[in-house]
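Chain lettering (A, B, C and D) follows the sequence in which the chains are written, and residue indices restart at 1 in each chain.
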Amino acid sequence: MLKKERKEGEGSKPAVKKQIQFADQKQEFNKRPTKIGRRSLSRSISQSSTDSYSSAASYTDSSDDETSPRDKQQKNSKGNGDFCIKNIKQADFGRREIEIAEQEMPALMALRKRAQGEKPLAGAKVVGCTHITAQTAVLMETLSALGAQCRWAACNIYSTQNEVAAALAEGGFSVFAWKGESEDDFWWCIDRCVNLEGWQPNMILDDGGDLTHWIYKKYPNMFKKIKGIVEESVTGVHRLYQLSKAGKLCVPAMNVNDSVTKQKFDNLYCCRESILDGLKRTTDVMFGGKQVVVCGYGEVGKGCCAALKAMGSIVYVTEIDPICALQACMDGFRMVKLNEVIRQVDIVITCTGNKNVVVRESLDRMKNGCIVCNMGHSNTEIDVASLRTPELTWERVRSQVDHVIWPDGKRIVLLAEGRLLNLSCSTVPTFVLSITATTQALALIELYNAPEGRYKQDVYLLPKKMDEYVASLHLPTFDAHLTELTDEQAKYLGLNKNGPFKPNYYRY
Amino acid sequence: MLKKERKEGEGSKPAVKKQIQFADQKQEFNKRPTKIGRRSLSRSISQSSTDSYSSAASYTDSSDDETSPRDKQQKNSKGNGDFCIKNIKQADFGRREIEIAEQEMPALMALRKRAQGEKPLAGAKVVGCTHITAQTAVLMETLSALGAQCRWAACNIYSTQNEVAAALAEGGFSVFAWKGESEDDFWWCIDRCVNLEGWQPNMILDDGGDLTHWIYKKYPNMFKKIKGIVEESVTGVHRLYQLSKAGKLCVPAMNVNDSVTKQKFDNLYCCRESILDGLKRTTDVMFGGKQVVVCGYGEVGKGCCAALKAMGSIVYVTEIDPICALQACMDGFRMVKLNEVIRQVDIVITCTGNKNVVVRESLDRMKNGCIVCNMGHSNTEIDVASLRTPELTWERVRSQVDHVIWPDGKRIVLLAEGRLLNLSCSTVPTFVLSITATTQALALIELYNAPEGRYKQDVYLLPKKMDEYVASLHLPTFDAHLTELTDEQAKYLGLNKNGPFKPNYYRY
Amino acid sequence: MLKKERKEGEGSKPAVKKQIQFADQKQEFNKRPTKIGRRSLSRSISQSSTDSYSSAASYTDSSDDETSPRDKQQKNSKGNGDFCIKNIKQADFGRREIEIAEQEMPALMALRKRAQGEKPLAGAKVVGCTHITAQTAVLMETLSALGAQCRWAACNIYSTQNEVAAALAEGGFSVFAWKGESEDDFWWCIDRCVNLEGWQPNMILDDGGDLTHWIYKKYPNMFKKIKGIVEESVTGVHRLYQLSKAGKLCVPAMNVNDSVTKQKFDNLYCCRESILDGLKRTTDVMFGGKQVVVCGYGEVGKGCCAALKAMGSIVYVTEIDPICALQACMDGFRMVKLNEVIRQVDIVITCTGNKNVVVRESLDRMKNGCIVCNMGHSNTEIDVASLRTPELTWERVRSQVDHVIWPDGKRIVLLAEGRLLNLSCSTVPTFVLSITATTQALALIELYNAPEGRYKQDVYLLPKKMDEYVASLHLPTFDAHLTELTDEQAKYLGLNKNGPFKPNYYRY
Amino acid sequence: MLKKERKEGEGSKPAVKKQIQFADQKQEFNKRPTKIGRRSLSRSISQSSTDSYSSAASYTDSSDDETSPRDKQQKNSKGNGDFCIKNIKQADFGRREIEIAEQEMPALMALRKRAQGEKPLAGAKVVGCTHITAQTAVLMETLSALGAQCRWAACNIYSTQNEVAAALAEGGFSVFAWKGESEDDFWWCIDRCVNLEGWQPNMILDDGGDLTHWIYKKYPNMFKKIKGIVEESVTGVHRLYQLSKAGKLCVPAMNVNDSVTKQKFDNLYCCRESILDGLKRTTDVMFGGKQVVVCGYGEVGKGCCAALKAMGSIVYVTEIDPICALQACMDGFRMVKLNEVIRQVDIVITCTGNKNVVVRESLDRMKNGCIVCNMGHSNTEIDVASLRTPELTWERVRSQVDHVIWPDGKRIVLLAEGRLLNLSCSTVPTFVLSITATTQALALIELYNAPEGRYKQDVYLLPKKMDEYVASLHLPTFDAHLTELTDEQAKYLGLNKNGPFKPNYYRY
C-alpha cells in the first residue's frame, strides 16, 4: 500500500499540511505523494517487514535446522501446540533473555504490579504483529498479566529471536514466527493468529500495518468486535490516516508513534548514541578530527551532530528549512550546501527523510575513503542504485560494509547499502523499547476501557497525560525525584496537580 | 489588569489548556488564575512598565538636567516640535548608536531593500509603545522606509535610551519618551502618541498591552479604523486572549511572542549565554566545580543547564513535569527535589514560571555564600518577601547584589532582589532583538495587507511560512547556505519548494 | 630590566632550552632575546607595574580627595602611623571586603588553623610587593597569624583597593600604597617598606621583581639577613633566572609561577571563563553561531576554544607547534592559517605569547564589525601601533572598547587596546587568587624553615608534594573526598601514602 | 621478569621517583616493588604475549586447518621458503588489508617518499617482534623501502592476522607467526628470526621485551653488532630500565612509549572513544542518564569521563592525587570515595593503574545490573579472584561478558573478566597505530644513524623535535595547516623556526 517507509522524526519531516489533533479530536493526514494512492490492497508485504534488523537477532542461530517450522509437529511441555516456532527446545535460553530484558523494562513491571488487582484488560483478546524479541515478550506477558489473551505474529521476516518465541510458546502464548520466514510464511503466520475457530480478537496491536491490512482484506467482519487499533510505526500510522481519509477506517486507532517520549527517545537520544555505535562497529573509524557532513538537522540530525561534536569531529550541516538551519548555526555548526564540503569530508550522514540527498555526482566527488551512511529513513536518501554501474567495483569487506571502487582506485565506504545504519549496524537500547512498549500497553488500556463515544472511527494521539505517565514510570530507572506542586502553586498556574502540565503545542 | 507578568518560555509553562491555533484559526487561552478577572481597566500601569532594564540604558546619563521634558520647549533642527524627549542635543550620539545597531540587524535592513519599490506599509499609521532603544529605532526607521507613519511612546519608564530618542526626534519621528518617567508621564506620553488632531492610527504595535489598554479605555472609537494589533510580550498577549475570550477584542491581533524563532532565541539560546553573563557581572563567581541547582527544565532551564555544565559546574535539576524530567535525565542531570541538595549547592537558579519555588525554609538551609537568582519570570519565584524580617540584615554590596545575613553570620547572595537576572544584570544581544523586531515588522505587513476576512477579531500566530522567512533573513549573518529542494524532492515530500517545511505541531 | 612581560602558560611558550629542575636542583633559563641584556638596573619601573587592572579596583573611588597621601598626616584608631594610604576612614568598608574574600579562600584560613600552635613563621620579617587587594589582605593576615611581621607596598600603581589598604593599616599593618600612584610614589612606597631603622626584612615576597630590584640596587647588604625570595610573576621569575645566570643571585628563590595548580588555574580554567566574561562585558556579543579564530593552542587557547565551542561558536585555531596542532584537531577544531579565515571570522583572539600575530595586513582584511582581542601576553600580539595611521579613525565607544574605522566605513572593534583582555575587562576569581596566595605562603614557610643547605643561591620550583598540598587544601571547597591508598596499594605502586603521587615530568 | 604489566598513561601513574631524561641524558627507573627482582631471566613468556587482542584478529579464521605451520612445507609464489605462517594462499586477502591500512597511515607513506633517495636504513638488519597486523605490515614495508632487511615474529600468540602474515611472506619478508601459537611455538618463531646462518641483526624493534630477552639469554654476543633497541611497551620499557639499572644494558635503547603524541593518543583520545565502543559492543547499554563512577582521573580517566559526560551520563570520580582531583572538580565531576556512590551507580570503570581498586566488598554492595569494567592496566584493578567463590554463579552471556549472580539473584555484569576493556572489546584505530609505528620508524632511523657517542648504553626518550615531526606527518590527515614563525618572531621567542617549540617539561 505504501511505496515508502518513513522514519519518525527525520530531519526534514515534510509538512504535508497535517493537522495533528489530540485525544478528543480526529486526526487527518493530507495526501501523500500521489502515486501512493494507485497502489492498493493488492500489495503483498510492507517494506518494513523485510528490513533487516541485524542486531536484535544477534543471539539467534538460524542455521541449525532446515525443516520449515510449518512442517513440524510442535508441542510445548504442557502439551499445548497452538503455536508455530523454530525450536521449542530453546525456551530456557529465551526465558533468560526475557528475564534480563525485564530488568531494563521497569515501567512494564510497574504496570503489572499496579494493575494487578484491577486487570484493566480482562476480556481483551489482543492480536499482535510486531518484532518478536525479548522486549516484546515482556510486553506480551504484561498484557497477559493485565488480563488479556494474546496471539502474535512477526512483523518482519528476519527479526524474530527464535529462542524468545520458544519461551513464549512454552509459556502458553500462541506465537507464530521464526527467523527467516518466506513471504508466504509471513502471511500464513498472521492468518494463524487471526483465523481461529471460536476466538475473535477485539484489539489489534500492529507495527507496520500488515496485520490490520490482512484483517481488512480477509476478515472485514471482524472489525465489528474490534474496539481499536494501536499502531506504532510511521508506515502503519500513515496507512491508518489514508484509511481514515478515505472514510474506510471502521474503528478508533491510536497513533503511538508521535508521542513526545517516543519521539525524543527514538530520535534525539537514541541516535546520539547509535551514530557512534554504528560507525564504530562497521568501520572502527576514529572520530577525533574527522570532518563530517550531516544532511538534515531534525531530531535525528541533532542527535548525530551533538555526538560527533562531542567526540571531536568537525561537523557541517545541510538543511532546507531555515528554522532548523538557524538552530544548527546557534548550536555551532557551519550551515553549508553539500557541494561546498563534499570534497573534503571524511563521513557523510543523511538524516533528512528525503530522497536522493546524496546522488552519484556527490559520490563521484568524495575523497578516497569517505564513509557514507544513512540515519534518516528507508533507503532512499543515498542514491545507491546510481552506484550499480559497470565501471564501479563493489567489494564486501565486512557484514554491512561495502567498498565501492572507482576506476582510479578511489574507495567509498558504503554502510548497510544505504539502509538505516542504526537498525542495521547498532542496537536499540532496551530502555527505548521500554518506552514504546509502555506506550503501547497504555494505548491498549485506554482504547479498551474508553467509554462509548470518547473515540470515533479516527486516528488519535495518546492523551498528553498518558504521555506524562509513561515518562513518570521511567523516572525511577534514573533514581529521579519529581517535585510536586503545592495547592497554592497549582492554583497559581491553573494546573491540576497531577497534570497534564503543558499545553498540547508545547515544543519540549 | 494583570496580577502577574509571565515570562515566555519559562520552565514549566502551565498548560491551562490553551489551544494555540494557527493563522487561519482563532486562538484562545483559558482562564488564568481567577483573581486576575477582578482587576479591571481601572489599573494604573503594567508591571512590565516598571521592570528595570538596566543594561539597555547603560549609556544614558539621566542626571544632567532636572527639568521635566514636559516643561521644555522642544524643537529639532528642522523646526519640528511634535515630540517630547530629554535632550535633542544628544541626537548625534544616538545616531551613532542606531548605526551600530543597524549593522547587527541585517534582516531589517534587508526588508528595507526588498520592500523599497512596493512600500507595503504605504498609508499605514502605526502607533507604537515599546522599549525605546537603538534596536527599536532601526525597526521604526524600517517601518518608515516601508511607507508607514509612526508615533511612539515607551513601554517602560526606565528603559528609554535618551540619545536614541533624540536621534529619532531629530529624524522627524514623533517620540514621547525619556528615561525616568513618572507614572503620570508614562500615560501622558502614550496619550500624546494617540491623541492628535487630524491623525488617527490604523495599526498598533504594543509591548505589554498598555497602549492597547489606553485606547480601549479612552478612545474606543479609534478601533473602527484600526486594522490590527501586533503584541510582543507574554503579558500583553495574555491580555488580548482575555479580551478575546470576553468577546471584547474588536480587531485582529497577532501574537508574535510565540513564534518559534523568537521563543528559541529569547529562551534557550539567549539564556544559555545570559546566565553566565549575569552571574559573572554581579558576583565574579568561578563556575568550575560549583554545585548548582536549576529549578525547572523548560527552554530557559535547558539553556542555563547546558551553559553551566559546559563551564564545569555540577548541575542538579528540579521539575514537576515527568517529560521534562526525563529529558533532564537523558541530558545528564540529576533530577532531585530541592530539599535534597539545598544544603550543598553554591548557586540556586529558578526558571519555572511558578511562584514560591524557593521559600524561606529553603533559604534558611542554604550554606554560607550561596547565590540565589531568578531566570524564570517576574519576581515571584523566590519568596523574597520572606527575607524581610527583623532578624535578617540586608546589605547592598553592589548594584543588583544584596547580602542577606543570618544571625549566625551566614550570608546569602541575592541577585536583582529576585527579579529577572537576565533583564537586570546582563544584556540582550542585538541579534535576539533583531529576530523580534523582524517578526513585528512582518506581522504588521501581514495584518495591514491581509485581504478582508483572512483575520477575524481574534488572536493569531504568525503563519509558519513567515516564521521561516524571519529565520531565513537571519541566516546571512552566519554565512549560512540553505539547500533548496529539487522539484523531484518537493514532490516526493509533498512540499512546496518555498515552504512551509514543517507541520504546525513540529517540535523543533 | 625586561623589555617585555611574558604571560604564564601562553599558547606557544617558547622553549628557549630552559631546563626546569626541581626542589633539590638548581634551575636556569637560557638567554632570552639578546636585547634584554642591554637594559640594566638603571630601569625605572616594570611594565607590570603599570598594567591596568580595572576590575580589581572596581569598588574604589579615587576621585574624592586630591591631596597626595604622602602629604597627609596619617594615624589609625590606635594611634599607629607607620603606613601611608589614601583614606583610613574607608577601613570598615575594606574590612567587609576582606571578610568576604576570606570565605572564598578557605585554604589560607585552614593554614591559619593548622599552623596556629606552631607559628612556622615566628620571627619572619616579610617585606612584600604585590597587588593590594582583599585577597592579598587575607594572605598578609595569614602570614601574620603564622608569626610573621609584614611590611607591604603595591606592585602596580593602579591596582590598589584603597579601602582594603585602609583596613590593613587600621589592623596594624604597615602598608604603603594607594590607587593612582606616580612613578615616584611607587618607589617611595617600596623604600618606606624596606628602609626602617631597627628593622630588617628576612624574607621577600615579590610580584614582578621591583622590590627585589630595589633592594639589590639600594640596600644590597640586606641580603645577608634574607633567607629567600618568593616570586610570583613570569617577569619577576625571568629576572631571577637572569640574576642566577649572571651569578648575582645571593639568596635562594622560589618560583611559584610554574606550579601545576597555579598554571592550570591561571590559564586553562580561568581563561575558559574570562574569555566569555571579557567579551560580554565589553561587546555584549552573542556567541552562538559566531565564527572565531583563536591564535595559539596552549593552555590559554585551549580554555578559550573549549568555552566558545560550548557556547555554540565555530572555532578555528592557528598554531606553530605540530603537537599542539594535533591536539586542536583531535579536540574538534579546524587548524588553519590566519589568512585562510581572516575574511570570514567575527572574532579574533590571540593567545600565543608571540609578537605581531595579528598585523595590519590581517586587520585590513577583516570584515566589518570584527572583534579583536588579546588573551596571550603583554600587548605585543596585535600590532596595534600599525593602526595609528592618519587614514584610520579611532572612536572610543566604551571603556576598553575602541572602534577603528577604515575609510570605507568598516569598523574593527579593538578591545583593551590590545592589552590582556582578561586583566583589563574581566575579573580573576578569588578561587584562583587563593591558589596563588596559598602557594606563596607555603613557599615562604618552606624557605624560612628549610635546613641549611637544602636550597642554594638559585631558583627552585616548589616541591611537588607542596603543590599537591595546595591542591588538597582547596578540595573542601568542592566538598571533594579524596581516596587514600591502602598500605598494600602504596607498596604495589612504590609510593608513599602521602605523596608525591606523580613523577616530576607528569603532564596532568 | 615482570610480575605485572603496566599500562601507559594510567590514572595514577606512580611516581616511583623516575627521572625521565632527554635525548642526551640517561634515564633510569627506580626500583619497582621488590618482588619483581626475584623473578629472573628464567621466565618463560611475558604476560603481554598472551593478552588476547580480540578485535585486531577479527577477520582471521583460524579453524580451517589443524596442521601446525611448523610441520608444513612452505613456499611463496617465487619459491622463497624462509618464513613460517598459517596459509600462504591467504596472501591476496592480506594484501588488500594492507592496502586499506596504508590509506590510513599516511605518515609512513610520506616517510617512504621523503626517504626514497637517501635510504636512511640502508644496511640495517632489523629483527622485530610485535603484533602482526596490517598496520605492522605497513611499518615493515616502510622499513624495507628505507633500505632495511627485516625478520619478524609475533609478540602475542593470539594476535597475528594470518592473512597479513601470508601477504608479507608472499612479498618476501621472513615472517614467523600465526594465530594460536603454543608457548613453544612462540619462542621457536623468535629463534627462527634471530638464528640464521650468515645473517646477524643490527637493530631490534621490540614490543614487550621478549625478543630482547631471548637474545640476551641465547645469543648475547649478537649485541656486539647491534646498534640499538627500540621498545614500545610499558612492560618492555620497564625491563630495559631494569637492565640499565643493573648495568646490563649493552646497547642504547629508545623508549618510544613515553612520547607525547603516543601518550595522548593511546590514552586520552583513544580511550575517549573506546570506552563508549567497548561498553556498547558488550552490553548495548544506553549512556544517557546513567550514573557512572570512574576510578582514576589520569589521561585514561579524563578520556572516559569526557566521553560519558558528553553522552548524558552522570559521572563521579575517585582519585588519590589531590591535583588530579582538583582537575576533576573543575571539569565538572563530583569527587567521591567509591563507597559513597557504589550503591547507586550503573557502571563502574577503573582507570588507576593500581590494584584492588574494586574489591569484593564493593562488588557486594553494587546494585543489580551494575556493569563493571577495567580501562586501566592489566587485570589487577578489579579483584576478580574474589568473585570465584561457591555462592556466586558465573554465567557467560556473550563473548567477554559474564553475569556474576549473587544468591539473592543480583547480577553484576563483568566485562572481559576484568582485563582491559579497550583491548578486549573494542578496536584501536589505525590512526593511533600509525602514530606509534611512525615513532618506531623514526627511532630506528635515529639510533641507526646517530653519530658515535650521541647515545650511550642507556634508555632514551625520542628527541622532542622528532616527536614534533611525528605530529607534523599526521597533520595532513586533518587537512591541517601549520603556521610558520617569521624570522622576527623566531628571534623574539628565541626559537629555531623548525622547532623544537617547547621546553622538555611542557605539559601540553
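One rule holds for everything that comes next: contacts are C-beta pairs under 8 Å (C-beta built on N, C-alpha and C of every residue); 3 or more make two chains touch, one makes a residue touch a chain.
Remember, it's a predicted structure, so these values are computed and weren't measured experimentally.
Asker: Does B-C or C-D have the larger number of C-beta pairs in contact?
Answerer: Top pair by contacting C-beta pairs is C-D.
Asker: Would you kindly say which chain has the C-alpha centre located farthest from the C-alpha centre of chain D?
Answerer: Relative to chain D, the chain whose C-alpha centre sits farthest away is B.
Asker: Between chain C and chain D, what is the gap in Å from one C-alpha centre to the other?
Answerer: About 41 Å, centre to centre.
Asker: What is the distance, in whole Å, between the centres of chain A and chain C, each centre taken as the mean of its C-alpha atoms?
Answerer: 58
Asker: Give me the residue numbers in chain D that touch at least two other chains, ranges are fine.
Answerer: Residues 269, 288-289, 311-312, 329-330, 334, 478.
Asker: Which of the residues in chain C come into contact with chain D in the complex?
Answerer: By the definition above, chain C touches chain D via 12-20, 30-33, 260-261, 263-265, 269, 299, 318-330, 334-338, 340, 353-356, 380, 467-469, 471-472, 474-475, 478, 480-486, 488-489, 491-495, 499-508.
Asker: If you look only at chain B, which of its residues touch chain D in the complex?
Answerer: Chain B reaches chain D through residues 288-289, 309, 311-314, 329-334.
Asker: Enumerate the contact residues on chain A facing chain D in the complex.
Answerer: The touching residues are 55, 100, 103-104, 269-270, 272-273, 276-277, 280-281, 284-289, 291, 307, 310-312, 344, 368-369, 397, 411, 426-427, 429-432, 477-479.
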